[in-house]
Structure formats: C-alpha cells, structure tokens
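Given below, in the form of structure tokens, are the structures.
Here chain A shows up in two complexes: once beside chain B, once beside chain C.
Let's look at the complex of A and B:
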C-alpha cells in the first residue's frame, strides 16, 4: 500500500471520528495527543481501526507514544508493520 | 524505550512509590496516606508494582492492589481492589498502561485472590477494553437536595429576594420529608470513638446475606473510616433494645455530604429510618446535597429513590477473576454486589 494511501485512510478516519481534528484543521504532522485530539479512548478507536483496516494485530509494545504522535507517525508505523507482516 | 515491571517492596520502595504517586497522580499524597493504605489495612498488606524505562532510568508508573476480605454468599475469600494506577505523562499511551495492568493481573494467584475489582477512569477503561474485560455494571451516584440555598444563589440576582426564596424553598424541602423519621423502637445516635466488637458481630450475622459484600469487621471499619487520614468520616448508628442493627458512615465536605457506607440487618424499615435520620441530621447541619453512590444491584436502591434520591452520573465497575479461580467471572456477574463508595480503594 502506498504511503499516501495509508496516510489518507488514517486522516479520514481521524477527521470523521474526532470532531476536534476537523475544527482545528489538523495537518499530518500535528501532535494528536498534545493538541488533545486523541485521548486514551480515542487511541483505542484508532488502534481498532488500524487492526481492522490494515489486517494487522498490534501488541502492547506497538502502542507507544512515538507510534501515535501524529498522522505521519501512525502512517509510518502502519507501513512498517504491513511490510514486516508481508516479509514474514 | 525498554520497559520493565517489578513487584515493589513496601518498605524499601516506599520513598520511590510515594514520589511516583506525588509526581503522576496527586501532589497531596504522602507517607501518612501510604502507611495507612498500604501497610495498616487489617485485611492484609497492599501490593504495588513499579514500571521503569531502563533506557532512560525513568520510573514510568506504578499500580497498587489493596486486599479486601469478602463474603461471596456463604463463602469467604480475599479479593483486591485495584488503584493508584499512574503513568508518567511522556508515556501516557495504551502500551505502557497495558503492560502494567497485565503485570498486576498476572500476579493474582487464584489460591489467594478470588477476584479483583476496580472503579476505572475513562483512560483506564480503554485499558480494560483492550484487555477484553467488560464492566460488571455501573455504580450510580444518587443525590438528594436537602437545602435550596445554592440553587437560589445561582438563579436569583436580587439580594432581598435571595433570603426569602431560600427560606421558602428550604421550608418546602423539609415539608416534603415531614413524614420521615418516626424512629419507633430504634435509638439513633452519632457514634463516638472506635468501633467495637458489636460491629464485627453484625458483619458476621448479616454480611453473607448480601451476595458479594466486604467483611465490615470492627477492625476494618476502624481502619477504613475512623483512622482514615484523607477524610473525616462519621458514623450514625441504629440500635434496637441496645443492640446494633444498622449504621451509616458518612463524610461531610463543605456544604455536601456523602454516604460512604450503609450496613445492617435486612429490614427495610430499619434501614429507611436510619437514612431518614441521617437526612434530618444533615439538614440541621445545613448540608445542601446528600449523595449516595450505589452499585446497580444494590438491595437498597429503591429505598433511596423512595426517600427522594435521584440518579445522577454513573461510572463502570470492572471485575477480573484469575485463570483457575474457583468462581469464574460469569458466576460472579450473576450475583448481587453490595458496593458503595466506601468500597473504593481510598
């Protein structure tokens, strides 16, 4: 899957499910936690979306701040995991 | 990031644990609270876990578990109430919290801990969802306005009218409760000093009748309420022919009061009279709102509603049974739970 496709999917999901993301017109590099776009329940929704949409299973070690800071970092993380899954 | 979790030693790790609580949970927590909550509980010593990031030598968070002896019908067991869960702000994502919570739950051995329960925050609820642990049910705060002062001050801006409306409103509220409080053969009194053996006798006589219910022995009540360093609790007792038949533990904070506990024989008239007396007592103290958080299967919910308490916000209660426990989650879920505010961790 292309980088920009992953990124667009994630951005669409976040814009649809988190009204603050729309109101503040966040961009891909904005910090989602610091800006209050996502809280822990929000992260959980994003995690469930990623698992369902990209058919990958995330474990505890994946759910670290560096992987969920922004749309960019989520997309990069998903790309890495999808690549790892296909390599195996 | 490389996270490790270890079981804490209450003596040698006390300074580290208190410091972690102060930094990441509540700046007012101190050694006095720690000694009371972790070391002095008559139902057993608390447990704690510390999570650290070995890469940066940072304490990332901690969690606590506090023992409670409970009746599960006629059986007796020890369970844990979980609490003091906190995570360093730089690590507040699901991963570290999940790892810490899994470590706590994995340390529950079914021979010694029948189940754990928790009153999670919204953040913690996400952790439980990810662990596929569903809520047992909800605890609901029931509230009864005893005086109208605050409402009038909010709504009326003309000073001479405020006093008049308060007087009329408070009279009307008191008039609604005019039929309450014929104590009959009961003697209602504010308890002074420590709880004695009569409280243990009452707990042994009736505790097993309430489904899942914490053993409210005198030692437990003295620790939980009388010696509580965080909250000044008072106890209103009901005695019949000199024998303790029920009591209510309550805490007043400014203009509001909370029913922390209500326990006694299964007699609606007695319990009702005790709550009515508490209402009357707190109205004299100018308390504005009396709240009573009750679990949804609490046997006296209807009684509170009949006395004018109305449902307010709810919050979930989680239970977890360790693999191999004699009572599985499904059997516990079918039971009545005698949870009140005092059954929380602190």
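Let's look at the complex of A and C:
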C-alpha cells in the first residue's frame, strides 16, 4: 500500500471518529495527544481500526506513545509493521 | 481531634513530618513540606481577599499544586470547587457563575482558554496562576501560586470555620439541565474518609495511586483517606495502561481506585499487567458503575493476592455501599451492603420498605448525606427528604438521600443494581444529562428536535447516542453536527452515534419518548 494511501485512511478515520480533529482541521503532523484529540480510550479505538483495516495484529511492544503521536507517526508505524509481516 | 479537612493534614504533619505525602513523577513532598506550603497558600488567599465561605475554583490538571490548593482553600476558610480539567470554557463558566466564584486557581494556559468567558463571571475578583513563561493578560488581579506557597505563614493564624460549614462543592450532572453543585460540609467529607478507611483498613503504610479526578467524590475520598492516615498519595497522568502498571511497580502502590472503563483498559493484554506480580497491591476499588464481569474475572486472575472491593456511591450521599471481597466469589454482580455507620433502605413507589427481590429506590441514611444542591432548594427537596420511617415522637428533621437508583435486595440483604429511575446517562464514570447534550445540539441551529439516550457499551458502561430531527429544508450531515458538539463539550459527552430521524417518538405530554427510543435500539 502506498504511504499516502495509508495516511489518508488513518486521517479519514480520525476525522470521522474524533470530531474535534475535523473542527480543528488536524494535519498529518499535529500532535494528537497534546492537542487533546486522543486519550486512552481514543487510542484503543485507533488500535482496533488499524488491526481491522490493515489486517495486522499489534504486539504489546507496538503500543508506545511515539507510535501514536500524529497521523504521520501512526502511518509510518503501520507501514513498518505491514512491511515486517510481508517480509516473513 | 480533626474537625476540618485541613486538620487531617495538620495531624499527619505532626505525626509523620518527614514521611512522603505526595509523589508526582520526579516530585516528592513530605508532610511537613505540604503543610508548610498549604499554610503559605492559605495566608496568601486570605490576603488576596478570600473570606469565610467564599467559593474558590481549582482548575488544574492532576498535579501537586491541585492537592495543595484543595487543602489551602479549606485552611483559608473558603469553599473549594474542583473543576475537572477535561471541561471546556462554557462548562467552566457555568460552574463559576452558578457558585458565584470569587477566585480561581489555574495555569496561564488554561486561563487563556477562558478569556472569552471571563467577562461573564462578574463575581470573579482574582486569579492565582502557576508559574509560567507568559504573564496572563486579564483585567483582574493576578497572584503567583508559588509566591503564596513559599510565603511565611502568619503566627497569628485564626481558624474561621467549624465542621458544619460548607467545605466543597462538587459539580455533577443529573437527568436534566446543566451540572449542579453538590454541597459537602467538612464533617461530611471527614465522615466519608473515616468510613471508607475503616473497611479498606487504611493505615500510614498505604501508598495510594490517584487516577480518578478530585472533582469526583471517589477521587476526593482517596486523597482524604491518604492524608487522614498519613499515607502517601501518588499522582499520575497517563495515556497507556502500561504506564499505570509501571507506576504500580515502581512506587510499590498498595491501593488503587478506578471506574469500570479504567479497569477495562488495565485488563487489556497491552497493559503488561499479566507479566508482573504486584504482591504489594493490597486492594483495588471500583466505583462509578458496574465492572464488566469478564474484566472482573481477568483482574481476579491477574491479581490473586489483591482484595477487590466493588463500591457504589452517588455524589449526593458521597459513598453508600460496598461488597466485601470475600463475597466476590458468591455474588460478583452485587453492589454489596451499606458502608459502616450508614443505613440503606429500599423503598417502593408506595413509600414502603421493599420485600426481598422487590425493585425499589435506594435510599441512603448516614453522616455522608450531602447538604444538597447549591442554590437549588427545589431540586434539593426532591433528593433529600425526611426519613420515611422514624417515629414522629423524635421530631427529627433528619434528611435521607433518595438516589434515583432502582435496586433490589436479596434474602441476605445484599443489593443489586437494576437501573435508573430517570434518563441520566453514565459513561466512563461520568454522569451525563441528556438535556445538556440536547441543548448543545440545538445550539447548532440546524435541528428542530433532539433526544439523547445511553446505550450499553462494553468499555464505557453506556455510550451516548443522539437522535435529531433536522430543520425544514436542512440537509444534515451527522459528522458536521458531531464536529460542532466536539467544540462545545468534552469528549465523554459528545455522542458516539447520531441518527437523523424525520420525527421523534413523543409521550402524550409531547416530550421525547426516551423509553421508546431505547426500545428502538433494542434495550
């Protein structure tokens, strides 16, 4: 999957499920935790979406704040994980 | 004897001056340091103009200054009004207007978000802000929190309060309207602390982790129990449940209180709870809704040496029942029995005591029954009423609390939650008034009808669902309306689902038919 497709998918999801992201017009590099878009429960929703949408199972080690900082970092993380699983 | 909230701090500072009282990340404060800063703050607040009974808002993230403020306001003779840090300016303004707030303790950043609503709070005479790089630009006297805390306390200190005085106002929602302020006296807060510490067997050895906000009665109770017994309170800001597990380990936490949503997060494999043993975690308590049974089973498995207390309380009566841990095996769905020194009655619509198994309203009698709602005598009279069964010869005007919660009692006196008498929603531990959410939906100017209900949700307890009827000729996109809501209220209040209808089902009196909407959703 193309990088920009992944981040568009994630952005669509976040804009749709976190209405504040839409009103604040969150861009790919905005800090989602600091801007109050995501909280603990929000991250759970994002995790469920990623697992379903990209057919990857997240390990415990994947749940690091740095992987969920922004749409960019979520997309980069998903790319990395998709790449890892296809390499096996 | 400790009559006032801050007396508990004073006593612990005399008994354990060098003991750790507060921990937050790298910051550690002893009881003597806390007592000295609180004394300085109390002096500063009086100099700033605080008088006995004045309401002071505390609008801070979970932090050491938040705890210092709670005790500082009490010691100065004021009434503390903790404001949940998740609230938006509109809600903060409502609280400040409603209680005619005289002063506000906050940060420069938070004060900046309130800029537009400050002119709507004419009672506000001063603000106290935490040190920041920027100076706030407001037309009010601004005092430095740190300067107050470091100030030398006066030697001619005079106590102005007695235990019957109002100590705190906790804002909470009901089934209608905006949040209401539940009034608690010093004696009620201390009674709540003494009662809970009795059955949790809290001692000076306790290291309690505070994840619940202090604006929530159970959160405030945790703080009070820790300080009453000279224990240590550890504060945390977290996003991932694993951060909580790490602090439980590092700080050798002995007690932890949470709401069902918190336990759901902690029971996820990604919390790493299953990879660790927590022998020092003596007890955990759940409140704010029933813990989902699978979550309870997971916690019992992962924490074999920890006592699990299922508790129930409503802010209007502070704390009400708990299930002793030894009963968990036999009746995991029960909310238990009355807390010590408290009587729980189950009363039917005819005003009689219910038989075992009969559904009735939970009525609470005891020393933690609150003083009612600030400035709302009519609403107070609905909730706090005369005891129905006392002999008239007593001539007692003692008030008991009608909870609005429907329960039933089994043959052995254990209580079971059945549902709410009204339409109030409870989501992730927060009480949400449907009409408050509906009012925000109407503010959009795009709809002519709205009704909000709670639908069962595995993690949240209940999730908010809105039904709306667009104005004539309006093509309504649910996302747009939800985005509007997200700007006006905190995330826990924003509907998780929104459905556009041509008309709302109505009762014969023309009000939205909430039961019909719930049936429509299959509940």
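The definition used in the following text is that the second predicted complex is superposed on the first by the 88 of 88 C-alpha atoms of A that agree within 3 Å, B and C clash if a C-alpha of one lies under 4 Å from a C-alpha of the other, contacts with A are read in each partner's own complex, and residues count from 1 in each chain.
One rule holds for everything that comes next: a contact is a pair of C-beta atoms (placed from the backbone, for glycine too) under 8 Å apart; a residue touches a chain by one contact, two chains touch by 3 or more.
Only a predicted model underlies this, so the values are computations on that prediction, with no experimental measurement involved.
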item	value
Combined model on chain A where chain B meets chain C, clash or fit	clash
Partner chain(s) touched by A:41 [first = chain B, second = chain C, both, neither]	both
Which superposed partner A:66 touches (first chain B, second chain C, both, neither)	first
Touching partner for A:33 - first (chain B), second (chain C), both, neither	both
Which of chain B and chain C A:16 touches, first, second, both or neither	second
Greater chain A contact set [chain C / chain B]	C
Which superposed partner A:82 touches (first chain B, second chain C, both, neither)	neither
Which of chain B and chain C A:56 touches, first, second, both or neither	neither
Selected from 169-177, 385-393 or 511-519: the stretch of chain C that, after superposition, runs into chain B	385-393
Footprint overlap on chain A, where chain B in one structure and chain C in the other make contact	33, 39-41, 43-44, 60, 63-65
Interface residues, chain A side, partner chain B - complex	33, 39-41, 43-44, 47, 60-66, 68
Of all residues in chain A, those that touch chain C in their complex	15-16, 18-20, 22-23, 33, 38-44, 58, 60, 63-65
Chain C - residues contacting chain A, complex	238-242, 261, 265, 268-270, 272, 428, 459-460, 479, 482-487, 491, 494
Chain B - residues contacting chain A, complex	1, 90-99, 102, 122-127, 129-130
